[in-house]
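I've put the structures underneath this note.
There are two complexes below, and they share chain A, which is joined by chain B in the first and by chain C in the second.
And now, the complex of A and B:
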């Protein structure tokens, strides 16, 4: 007892910590980790982050599985796709046998099938203003469909059919007025209650293969002509506005939904050209990388990127301001592509091809679908940031940019590249051995033949 | 007119002829004959416009039959009828007088319209005009587009309703008491004086208490304040006055007085509290030492300055000045007696590493400029002096054995004898290993004990070698060798000089004796500093080779493997200050490094080959400056800035890692609409204003309906609900709202 009492008198100094600093309140709480962020204590910050970035980029490639699934059911090659802003999961598709299908993409099944035209269904467009679906076909008909029922059952017969005089190849609705623009032998403006066009724009005798209304500046529209031209129209004017002729034909045109004056065309010369509407002398950007004619182009609803479908059996995704593609999608069985569309929630890409299938892809190959919890989301973002930080480092860049491509694409690319190098070499030699120098013409300007008023 | 001429077809001519013929039927023969002659004569000539003459008045005049005057025969050319001629005829009639005026006006205005363009050209013009118009129109999106492109983060869909977080203050301000209890409480609180307002420190009640002083009290307080203020001002004035006094004697006296006071205090303390007195004594002593360090024996005094001027010519003055400086050095050296028993004699050596005299301070001076040439000699002698002193200490026999040296050494011995023996000893013993340890801890942990031990051994060896070699060489050589050796070992040796004080001394006054120096404070120092800097810049290139050698040495030593010291002080034996780690332990726990591999640049004097270049590493590094960056430094900073939560707080990570584009799952992103053109900030502001307005209205309503409490409860929630609904509507894509 004496001993204890003695002990109790003795004062012993001990280290004391406040449990609030290191204990969780509940089991669900995160672990508190007090940390000293003094950079002097972490001399290897950059190397450690580099390693993390390397891991992140490798993981990104591991998880890059863009192909989600395919919608099969058509009995002929696809010719066109149509989106509808009223239903995110709906997708219209037209085939070369005139069949029109409405798909529920989320469930991957057909909602409705209808024989819309004799011959090709050339184009499908949904007018949000009037909530009607419009199709044009090789039978020179514009058909107006009602498509509001949730199960797609009201797509059985067209509400209205307009018999037109000439071939039709494209259709595009005005964003806020009940007006349609069709192209074919000429550019026509229709009001859906009338049987005759309210306006006709003709510039030359050549036919047009694609037409699009500008969605932002709503009265402006643009079309691609078979005389290799791109023509701008103003709906309010009686004449077209301007024409620019490229070296080769443009197959398709798409306006940027966020930048009113920017549009991109898919060209036969394997490139895509992005133009500023106000300066048609030279394109803003030439997007190369395809190894065959580009058939279709569609912008992402954010206006930051676009997808292109090519005859070389690949789909490529471009940053709208970059010359080279961000990603390439291909599968073994996917044949020549005829159409591509970017979903309106910026998450998916649809591509239609010759072998009768519509394919669904992720817009960002490594993105996780489904529920992402906050911590995971933060981790993914940090990883993305790390990759962005170190993207210029060769090892990381190599991993990030490396894609496996089909052999035919690989070979064609090499062939094209060698051709380009040869041409460049020749030009250099010519330049060095001629007395009178020719002016240097940039690659961008080279593609343009003339701008016509 | 000419057009008319050309347009007349031949058929009509024929017609005219017919008319003529018909007319000739009943005309006279003479005319007929004339006509015939004319016709015949014209046959030979070119067929020109035929001028017909009207011969018969008819009701309908053929316009082509009108005679063109001036185009026909020669005689009729002169009489071309002008409008004026006709008018002059009418002019007489007053009724038609105005006609002439109008004709004049019309004449002045006449302008023919241009020919309309041909269709292709016309279309082109129209198209160009339309294009320009559209271009202008569409350019209104420029700012928006640019803004979106440069935005840190874009959240789609763009036109989301402006929701904002309410701060707790805002929320509580909206609180309305509903239950009777709440109302009672709020009533109590509102009227109460003891409730503290938002931005006030005191409650109204407290303030009242403060203000409610009696008049007398207030006056007293005021008086007090005035008094204290006056006193303060007096003191200030006095201090200012005293500060202004320039007299040195006054200041000296003041100082002395202060000292006396201190002494008095000290005496008093001595009796009362001896411990404190001791402390005080120490403090005083320290102060004295500091004072000595800063002022005396530095060549800053009047006498020293005079000597400096003289020293150029006068040997004596030079010597005395040197003496003075030496003493100054001796004094400024911190004196500490070592506890250790180590008796090794280490010569006192200058502290500076660099040879540049103006960077360090007093000790190492190898002046190069002509002005200081005299001083340099002096300085050399000082140095030699020291060296000799050392040598005397180490090898007194050898020094004596040289007759020529003797003469010099005699002189110096006088100097040495000036100093007390104890002083000498102290200066020698000041370099105890413990001191070195202390110093090395501050600098670098890499230089630890091992180096001292070995160094001491090595130095002994060196000295021995010197001693062996010395007899062979001339007398001056050993000294020089010594000097070079000492400079070599400079880094390892430490003197106990307070570095801050040391640097702050304005001792360069001697070097530039021509520049007047005062004893004043900061400005002087700054000037001095500047001068030193400029001099340093001027002589920056002096010892490039030396620098290179040093650098090479550094590189070599860095690449050489180092011993690993795993000894733990106090582990297995006693630890604490002054306790040495035992040899056994050291042997056991210091892992000896293997000998350094041979370097490729070992025998190549002026070459450093970087041998730790790593090819594997190189592969991971960036070759060129990446595109958006303008400078390598900028790029490096981005790489250096960490982004993960290991190195920066979680909140910062979240901010940094925020994605450029954010979209909402399952939401349609509609194309841009005109609404975006109206800046969002304005819109938010407007909405906020609206909200405020509504609040004001509501509050006013509340005031009105204060009496009718029953109605109060029902209104606000309803309104809230309505607003929610509005948001829901705007959530839908913008196109619909536009349509409406």
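And now, the complex of A and C:
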């Protein structure tokens, strides 16, 4: 008789748990946590997750302390910042009295100081191809420096100096060829061995403010001119490519390091414009939120975000595709900003200002900088995901967007906003009550005056 | 997911002897196309047996043909498969003379019912015609994929659950309702046999309440006897006589605090029996329910007042006067934390602290409602009235699913975690199985309790039913009542003191605000269409 199929007896099993399976063996083990993901055991999931998201967003605001420190030492206002990919914690800064300093940001001290130029140091650029540092200044010189020693001691004297005839306002090295581009009265291309420019691009008679080589499409340059234009050049051609004229002058330009054809300009009309170089008649995005002229812009090495420094004493961080800033950094002691840089490890933002200080900020204000243990990391990631999941709920959105802004920014913003709404309402009324209609121009395109070939 | 193929098989060269080298020459090694056809889930259907002579001979197992996995998409996750490894198969593949095809290609299929259990709403094949931007459409598609993956993973992880439910199979020809507690007690192991016990006390009809993790138990006798103890080890936490009539007892969030509804007011006691609070606002309380995720103590009153008290802050969240008479029938729906009250007009009303009037009012019986119970999943509601009827309602559609006629009016009914319904009629307790899904004719278990039953509660995560009656309490064994696999992050019966403290802090942080109590718990995840439309209109008002 098979004992397993004995039908004459009843079979009964009552739930019994062996405590050895559920309790830890020694005090040094972690507790055992058996899981059951059956939804019936987890009621009220939506309200619980919502509460967790609310807590997460509040904690994020609690831990949003972006200011790390201040690099103090220059004797005149900052004019430019330079980064090098070989040493992530090094930062070059040029001041208005011609001083060039090399900082070790991690230790917050100066590695080397050198009097680079007689006037302003207008721009610093590091050439990846030849590992040289180039600076241009108001004394119409391009200086080439070698900076490889770990203690920065070989920055004492320039390796090479090129005397140029005209004013110089910006410099940008080619990604893979030993060519530099400078801008001033015109756009010149140099080779560091030659004393004369190998090529000159001229369009119109006005000067150029800032010039940058495209890091992906290596032969394309873009420059901002003082006739409110943005000019695109191809190094291989003999004439500039095209030009787009905006309503106000652009102060600075930066190419997206990841996308081959996207660049962003910082404009005087308080906005930043992101263009696709293939289609210059309409910007891809208009980034507004500043209440005064935007002076400098720099992209994150990921290409997803950029930082902008503005005349209204604030630094704003934007997502590359969003029209409004995701964060704003300000301090009472920070006066007019002149330059901003995003560190090449994507974690820090440097801002140089008129009052001779460089400030170091976190790129993500609530990030923990030290060693993050795996469980902590998971918890932080879960919190970030929860916030993303519930970001459209009004309470959570309100807390997430809440920033304390300086009073002058707050008042100026309200004023500008009411002005914009009034203008929009006026245009709407004019349109609805007139018979002959002018063509509708989208908000984005309004900033552009013309495009020229 | 699948076992690594190359690592568990030793390279064939180690097993071979010189004799098999000759054998190998006879076999024609197959061409490389056969190797490429093998999938990663190739199960070895050849085994090597060593014969006495030292030759290694292959033995072919018979191929098992089943209908499993033959249909293309039987719930199996096909996409997360690695490409077939050709390099390692070279040596072993050379041995085989026939093509090796996995009869069950892909991952093991998941039963449809299990997948459905883990799904929460529609997240597949959503209509994307309304989405204008391509990037958003792609984003939605990616989200759908993720949700599907999560559902599959959760369904697959059920294989890791350690325990299985209890069961009771009668002898051939018998039925389970004839099996007595004594018989069950004698057939099970010692630990389970100790779970069946009787306590004989003389302090009046007893109300009982189990702690949320099924560890401890609270009993309150009408004449003032209150005791908290671990019912498995019978170790007393505290015991006292409050010298007043006790109507109901309830544990708060953990075993350190419990509430007793006494003659005039409600008192909260420590686990040592020390009176911590006397809440005069909760006066003449008849029934109490604790909502664990909201930290709310809900009480009903002699004069028809429903109150919600936030025990973490000591704040009275809401007191509603129901105007429906004396409320002595109360039950809470664990799925959405609404309270169900039964009334003498035969109606059942549902209340949330956000509205003055009941959110739902159902006419269930023609005679006064005697007892209400809602099952764990919040789908079924059982009501009984004094005209001996028992009805099962679907709480999503508010339809009557089943209607039964009992021997006499059921005074207490309660659902277990696995859907068993316990009904007490006078001094008999009957347990019904699958009462909501099918029309049944016989109870699953019956037990004759000596005196009239006043309290009936299933113990969570155990196969035990606690019965409080006029002369004490009795604990019954009901195989298959409790949920075998608990989730330690929800309630852990094996909680240590440090874990209890951690859980208390974490659950306080995640305390849900009472404003979020709604009939549909997933309403928070839905889009509020009205406000979206309003915002859009405002933004585009002056747009040309």
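One rule holds in what follows: the second predicted complex is superposed on the first by the 424 of 453 C-alpha atoms of A that agree within 3 Å, B and C clash if a C-alpha of one lies under 4 Å from a C-alpha of the other, contacts with A are read in each partner's own complex, and residues count from 1 in each chain.
The rule is short, and it goes like this: a residue touches a chain if its C-beta (ideal position, glycine included) is under 8 Å from a C-beta of that chain, and two chains touch if they have at least 3 such contacts.
Here the structure is a predicted model, which is why all the values come from computation and not from measurement.
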Which of chain B and chain C A:40 touches, first, second, both or neither: second
Touching partner for A:48 - first (chain B), second (chain C), both, neither: both
First (chain B), second (chain C), both or neither touched by A:16: second
Partner chain in contact with A:31 - chain B first, chain C second, else both or neither: second
First (chain B), second (chain C), both or neither touched by A:425: second
Dominant toucher of chain A (residue count), chain B or chain C: B
Touched partner set for A:440, first chain B, second chain C, both or neither: second
Interface residues of chain A shared between complexes with chain B and chain C: 35, 37, 39, 42, 45-46, 48, 50, 52, 393-394
Contact footprint of chain B on chain A as seen in their complex: 35, 37, 39, 42, 45-46, 48-50, 52, 85, 88, 128-129, 175-176, 215-217, 220, 232, 234, 237-242, 257-262, 277-278, 301-304, 321, 344-347, 378, 381-382, 384-386, 389-390, 392-395, 453
Chain B residues touching chain A - in the complex, by the definition given at the top: 123-124, 126-128, 130-131, 133-135, 137-139, 141, 145, 148-149, 154, 156, 158, 619-623, 626, 635, 638-640, 642-649, 653-654, 656-659, 661, 663-673, 733, 735-736, 738-739
In the complex, chain C residues that touch chain A: 117-118, 120, 154, 157-158, 161-172, 174, 179, 183-184, 187-189, 191-192, 195, 293, 334-337, 376-378, 461-463, 477, 479, 482-490, 492-494, 496, 499, 509-513, 516, 521-525, 531, 541-544
Interface residues, chain A side, partner chain C - complex: 7-17, 19, 21-23, 31-48, 50-52, 55, 393-394, 421, 424-425, 427-428, 431, 440
